[in-house]
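What follows is a pair of complexes built around chain A, which joins chain B in one and chain C in the other.
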Partner chain A sequence: MTSTIPKLPQDMPVTSPRYVGKEVKRIEDPGLVTGRTEFIDNLKLPGMAHAAILRTPHPHARIIRVDASAAEQLPGVVAVLTGEDIKRWCNVGATSPEGWGSTPMAVEKVRFVGEPVAAVAAISRYVAEDALELIEVEYELLEAVTNPEEAQAPNAPKLFEHNASNVILDRNYTWGDVDRVFAEADHVYTEKFRWNRVGANPMETSGCVCQWDVVNNSLTCYGSYQTPGFIALGRAASLNLPSNRVKVVAHPHGGSFGGKGGPRGTDIAALLSRKADGKPVKYIEDRVEYLLAGAGQSWDRYYQASLAVKADGTLVGLKVNLVDDQGAGAEGYGTISAAKPLAAFTGCYTIEAAQYDLKLVATNRAPTYPYRGYGPPPHNFVLESMVDIAARDLGMDAAQIRRMNYIAPDQFPYTIPSGNEYDSGRYEVVLDKVIAMANYREMRELQVKARTEGRLLGIGIVNTVEPGVFDWNAYSTVGVPGVGVPEGVKVSIDILGQITVTVGFALEGQGQYTLAAQLVADYFGVEMESVRVTYASTDIAPPHFGHGGSRLGVAISGAIMGACNKIEEKFRLVSAALMQCEPEQIELMDGHLRVKGMPGAEMHIAQVAGTMLGRSDLLPPGMEPCPEASFVWTAPDRNEPDEQGRCKSYLTAANACHIAMVEVDRDTGVTDVLKYFIVDDCGTRLNPATVEGQIQGGVAQGVGAVLYEEYVYAADGQPLVSLFSDYLLPGIHEVPMTEKGALETPSPVTPLGAKGCGEGAIHTTPATIMCAINDAIHPLGIQITETPASPNRLWQLLQEVR
Partner chain B sequence: MKPAPFDYYAPETLEQAVALLEKLENEDVDAKIIAGGQSLMPMLNLRMARPDALVDLGKIKTLDYIRQENGTIVIGAMTSKRAAEDSTLLRDRQPLLHAATGHIGHRQIRNQGTVGGSFAHADPAAEYGAVAQALGMEMVVVGPDGERIIPADEFYLSFLTTDIDATEVLTEVRAPIMPDNTGWAFQEVCRRKGDLAMAGTAVTLRLEAGSCAEVVIAVFGVNATAARLPEAEQVVNGQAPGEAIFAQAGEAAAAALDEPIADVHATADYRRSLIATLVKRCLAEAVERCA
Partner chain C sequence: MTALQHVTVTVNGITYERSVDPRLSLVDFLRHELHLTGTHVGCEHGVCGACTIIKDGMAVRSCLLLAVQSDGTNLQTVEGLRNAETGELHPIQQAFIDEHGLQCGFCTPGFLMSTLELLADNPSPTDQEIKDALDGNLCRCTGYQSIIKSVRLAAAKTSGGKLAGTHGSA
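Here is the complex of A and B:
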């Protein structure tokens, strides 16, 4: 049986879709707004103990001795875990490049402030924290390296003594005839940039309840997991269990943005449970733990970029040199974020040759993890800033230089120098639309007037490509073992015609449960309310990956269409037998199996399902009485990277153009975002409200990264940011309510023409605001090339030209 | 992030509270008053404060009021900042104190946090510190020996430290009614709305025959305590209002500061510069209010 997945909403078996493409209300929301959704901290299991983790205050030290005897004696303490247990029971995390992983708790040395050195399970978190104060740890302090320059110095202390140096990866990618292109260019612009460390900060930190079954030697982990199947596999590898002996139950979680990939807490809770003879152990990471040593730090980058440009403004070559401070090892997916820009290295432009020098360095800062966008936000900040630098020098308008370098609609599918293939796009239409919305010409007039009054008003206009739907091949080029990213669902219709969709991922906030219901309801012509979407734990769920890489909306669409299609095929056979015709004569339309050309000859899907389950005697010979189907979708046509890392990695290429107007206060350095416009083309919008939510959320995080957020470290390796009063997330007053427009250029290669749309705004916003600030201040002869453009930082620059 | 163990007391009258504080002090028990908890709870949870006992003032109903008494606005210590924000009496008769209240944290924090707590906590970046200095407010404390009235310039001793004794309760704060012909201004620079300010300024002044008079300039967020800056006030007193003289006052204010606080948000130099700007801008705004 081959499945045919509808290429566009109008290809679905419904006269006109009632839900797909509409702003339907989210089925997730009633539970959320009434407080009934069960987050992990609400879970209480009988006999459950509570864990707290002792974390080192030193950035780099050898552990001489850990004495936990007093803690063990404290009434209420159930179990104490130290490095000795880890040595006995645990492996180095499997998700790192060879030689750069670490265990969930330090064994011989600590490499960053906040690294766990011991843990306690007790009758309450209070007692557990009291017990931590009784644990004595003796350290031999080692010199810390806190930036890549120090870390690469000839006699620098090594974080991982078995390695030759602190350099995790050092490689050059060259795509096309870079030397020739640069030699022939009329202008080559070169600039340095610094992107300071920021990261994912969901409202809810990570949390879990782990229970070790000492009889079956198996483990169950309930928790706020973004990618449950993957977490299960990782726990098996880390905790020495067969992969079918770990069951992960993902709970709805209060956001993740990549920040729920940090498994340390899970491994520690699991081993505490093992030590406590199988008592369930809850561990809820607190905010200080999250900020110091959770999975919330990403993108600590030093860039140098060169852009080769012809006299007329044609962009021909791009070189980017990136030194990325990965922090203490590469246990998370920090490495991957450095490779993701390969998927859209040259942005929206027909730049013919490019080069990427990539160096990943280990330092005594916290390890870095994935963050929404996964690497392109800093890359786009660099690329788009370079385009503006060229435009200013050539006396061109920022919109004009972009327009003339776009990949044209008839050039798709378009292979970029770094190897990825863009599926479709109409970049100039998007640009024109946002220019009209923003009244760009009038903005420029306003700017001229403001300048005569001595005000620093700036406009940023930035466009990006958002690679969507990642696959296994995207990251093998940086030494991270490839994992597949299948997405499976099961669609079941019961004897009364009610439909259930089973998925392998938990609620995270993006509305995919709603999407699943929309799709199934339209496919089978039923009310959305009658479709139930339910979560299955890793032991029973179909193969799945879950949220990540702007892929789940597309992937779940593919999986659901595939499963519905399989059911349709079965129903065709059954209804043909029942209505005494050939299966080819039957079509599914608006919930009915109809005999083509014979009005009135039809059966409702509920009748077919009911018959299938209730009257096996009426089924065609050999037909299984099973009105359900599973389907596992994965992106078609992905290939292996070549020696230069080139491959078809991301399936879709969405596109957006943002225009921002900002004013910089010349005396205080404070930036005010006055206006913000967005036009986004992510193909078919399956639920436009969800897409808008994704965009506005991405803008918020982009505003944070470019104006507010920064993990600051002192020169000795001490983190100076461990509270939300220091790590500043933008609030409702700081994030502009953007005006949004849409264009829909369907993807020719995805189910229903939708493209990944979860990350485009955070890809674009930092660059847009930074370009606007530079547009405001460049008449003074200064520019800012470091994020965030905090008031103090801008004030410092403005001081230079007072 | 859970507090270390402590004993908890919730007296129902001021007398009980004071007696309890005295008893605990005599028994060498380290006791701490808790009001709205908006500053103390985080410190307890981080185990940065670890008192043996908490004395909760929440059950004492007699300390929640905003009244006018003669020429003075009096506010009970347990009045919520939200009530102060919503008070039309405060808005009309002491607009500087009222305006400053709106800058303290967020609505949720003002709901729970008390007016007295903000004074007693003495955060260097607390808006009320500058208001107290600018208006010459008075704090009323009650202890085993009865009532004491402490003027603002004796109340704030240092970073998070006031003249309130361990056995005393702050019961009331008093601010003079703003005279009709007085211009005022309150401005601060925060990273985000509701954050503790990197620097802030409160100004009051009058115009007499076209010249500035009775100029008061107080700043906060930059030194260990909020402070009045007579050096800057002098620059403007007796002068016709104008951008140049205000800028000069700003420079004088910046120069008069102790070495400012430095943190991840603002260097000392930046804070100093912010004071110069804010003083200049507040003077202009206050003059505009005189008109």
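Here is the complex of A and C:
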């Protein structure tokens, strides 16, 4: 497909874009398909040592003694790190609420299986792992708490003894007159839900090479970092370095999805390097480490929700009570994930009042970390399941109850009870489109027929709002202060007219380098081939954040438009001087600076750049010989939240409606996804092919979360998942090949009308499939309210009604 | 330390002789001894397929083999797909680019090598056959739909003619 760019030529000086809005081939790909792209494990530095980490097998224990003397003696070992070094050199990480974080390696006690207790750097990973076997650790075992209920019991063992209990955060948000709305409603539906732990599991685990400059007391970390600037700042805090003495060099990485943010490995490799007198140290987390204790487990949640509904199906109030098992101490920005649903708490609906009770609890499971979508995938599963429960009780069709409760197009900008403002949307058009695509009526007929044959066929129809372009203000009330997330670029044109875009983030898979090249090429009317996109490490990059929060596509567009605009202004002055007219008479269009109304009086941008760099004598007085500009974008008009967390947080509100048809096998509990349809409205699609890829990838992860994936823990706190044969990622047979349609309601508040679009499908797919399964099995008088709806779990449920 | 063992192996048409630790995995040997870092490691336990290479004409998981087991064999890795003389990409590589068959690209070398084996055996596979051939390769980014399209396109571009193997291979 091709997208139309709204507001041309005001937003971009081009009569007809050649690249933006087109399914452009990615500039990232030649390096990737040939195996040439430099992922972190490809990097070798002279004298580099290799690290391995000793991890505790106990969920909760006091460390009595660590004896690493034999390991130190092993030939080939260059450094051994233990809790003693940590105590001397390291602070508690800054990513958790005050009093709840840990150091990268345990010092006095361990709080989850897989927590590092020692580490070795040696001439090879093989030798480093040999050395681990020589380290003796003596523990005093402590009773473990393995779920929030145990953790909150009176006299429960405490993970952090200096705290009053294992409750990290307990707060209530009330928006509107919830009591009245619930009292006046004709129906109040209440249900409990359980979302079990899942996680990001990018194909590449995290890795780094760290080098401590022991002479100048500074640190360089090369690695697979999603948010390089943030990682640099965090290392300065945890490793006691001035912030300008940590340099982070992000390498292209094999996916992240939020699940590569864990800094423990980096801190450990950095301190090993420090101990090895500055030798570079590589640490590549292996998959077993990732699954056991990497920064890759998310959303371990217990919900109770109530939905207040009028007799005619009008949704009026929503209460959600969430108890979130954060694992050992909320180090993975845990509060943020629980607070994100505030940005789209009531989904697509005009629900007038809502309440959110939020309790974050520490247990002896691995700490939870971000995963694509952050909080909303489980939240939407709960909200959309509640809507279906109401529809079933009222005898309404699932599409009809949704349709009648939508925010209407003329109500935008629309402020939801939890405070965020949705910019735009046409929910009913999206619904109609997907209903037509899916032939929904025929699906229902098929279902009736299947039921008469005793088959369990179900249809899920679910819509969500995807908050796009995250802002820190969404999280201020849970302890992450700040408004605004800068994203900067530098655009430079050289003396021959070739263009370089410098960004502060590395390749991760979403095609943002291609997008940068598309935008700049169209802005200056040049071929994409003459635009190069290059990465700058944290010490030289403009202020940046990088990937996260369905934000980067919009943010990078804003930054590039801003930088190009600044160059255009300079070029206008220079070309006016050269063509002897007033700057106001000059316009940039299709790569040329033209004198308005004088056909033929024009200069190509390369001529202007060349003149600036090579003929200072011709420049207007005071003009710098600098055909380049930096621009740092942040979302406009964001504000500080009130005490109930209400603010304009996420800038854009994309919308999607998914329809799935599933069949549940009564004998085996296996769910087969027969058909899957999607219409997604994420505004202008700057590269429709990559947007489609984001959607399909999100579907795959959603299918995994709702049908297969689960971090299982035994009752004693032992994780039962340590291999891909235990943690079941969906393969090519499991992921439905979806039929997709698009609607484009351009955002009125973003550059070129694009909305954040990286997370919408994982927001929607789990709920869609869960609703479809319940639609299939409810005639039997059962429903499933726990994810994943694995064959085993469904089979047990089906057995009850045999 | 165990005595080193001698290995002679041909990779993408070039013969290498090395003395290796018997416990060295084949993928570590390729990546860290021969500096052929295009073959990736996603799990090291045989599930993800990122490390897939062709050994004597068959797709294998190089994380599950030891370097010493490759002695006397003929290997093909992703580095051998592109024609180094002309600079031309292999049709399978080009098809993955054309159909957006990758995002982060970390799984891609494995998918390319599995596809190479598939199309060598079956130049015009059905979708079901494509799925069956690739179900040992995990991708966390794409949701596979564009991968299937890529393989279809590669098949269409090469069907009729015999699909070229890796460059430099026998």
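We adopt the following convention: the second predicted complex is superposed on the first by the 787 of 802 C-alpha atoms of A that agree within 3 Å, B and C clash if a C-alpha of one lies under 4 Å from a C-alpha of the other, contacts with A are read in each partner's own complex, and residues count from 1 in each chain.
Note that contacts are C-beta pairs under 8 Å (C-beta built on N, C-alpha and C of every residue); 3 or more make two chains touch, one makes a residue touch a chain.
Computed from a prediction, not measured in an experiment: that's the story for all the values here.
Student: Let me test your reading of the model: by the given contact rule, A:126 touches which partner, first (chain B), second (chain C), both or neither?
Tutor: Touch partners of A:126: chain B and chain C.
Student: Please work out whether A:41 is in contact with chain B alone, chain C alone, both, or neither, and reply first, second, both or neither.
Tutor: In the superposed model, A:41 contacts chain C only, not chain B.
Student: Which partner chains sit in contact with A:511 here, chain B, chain C, both or neither? Use first/second/both/neither.
Tutor: Touch partner of A:511: chain C, not chain B.
Student: Identify the partner contact of A:733: answer first if only chain B is touched, second if only chain C is, both if each is, neither if none is.
Tutor: It touches chain B and chain C both.
Student: With the two complexes superposed on chain A, say which partner A:26 touches: chain B (first), chain C (second), both, or neither.
Tutor: A:26 sits against chain C, while chain B stays out of touch.
Student: By the touch definition at the top of the document, which applies to A:287: first (chain B), second (chain C), both, or neither?
Tutor: After superposing on A, A:287 lies in contact with both chain B and chain C.
Student: Would you check which partner chain A:253 touches, where first means chain B only, second means chain C only, and both and neither mean what they say?
Tutor: A:253: touches chain C, not chain B.
Student: After lining up the shared chain so the two structures overlap, which partner does A:725 touch, if you call chain B first and chain C second: first, second, both or neither?
Tutor: The answer is both, since A:725 touches chain B and chain C.
Student: Look at A:712 in the shared chain and tell me whether it touches chain B only, chain C only, both, or neither; answer first, second, both or neither.
Tutor: first
Student: For the three-chain arrangement built by superposition, which of chain B and chain C touches the greater number of chain A residues?
Tutor: C
Student: Once the two structures are fitted together, what part of chain A is touched by chain B and by chain C alike?
Tutor: Touching chain B and chain C on chain A: residues 126, 286-288, 725, 731, 733.
Student: Help me check something: in the complex, which residues belonging to chain A touch chain B?
Tutor: 125-126, 129-130, 286-288, 667-670, 708, 710, 712, 720-721, 725-726, 728, 730-731, 733-734, 790-792, 795-796, 799
Student: Going by the contact rule at the top, pick out the chain C residues touching chain A in the complex.
Tutor: Residues in contact with chain A: 21, 23-24, 31, 36-45, 47-48, 50, 77-79, 81-82, 89, 93, 96-98, 100, 102-109, 112, 131, 134-148.
Student: Contact residues on chain A for chain C in the complex?
Tutor: 23, 25-26, 28-37, 39, 41-42, 126, 200-205, 252-255, 257, 286-288, 507-511, 689-690, 692-693, 696-701, 723-725, 729, 731-733, 735, 737-738
Student: Touching residues of chain B toward chain A in the complex: what are they?
Tutor: That would be residues 1-5, 46-47, 189, 191-196, 198, 263-267, 270, 273-274, 277 of chain B.
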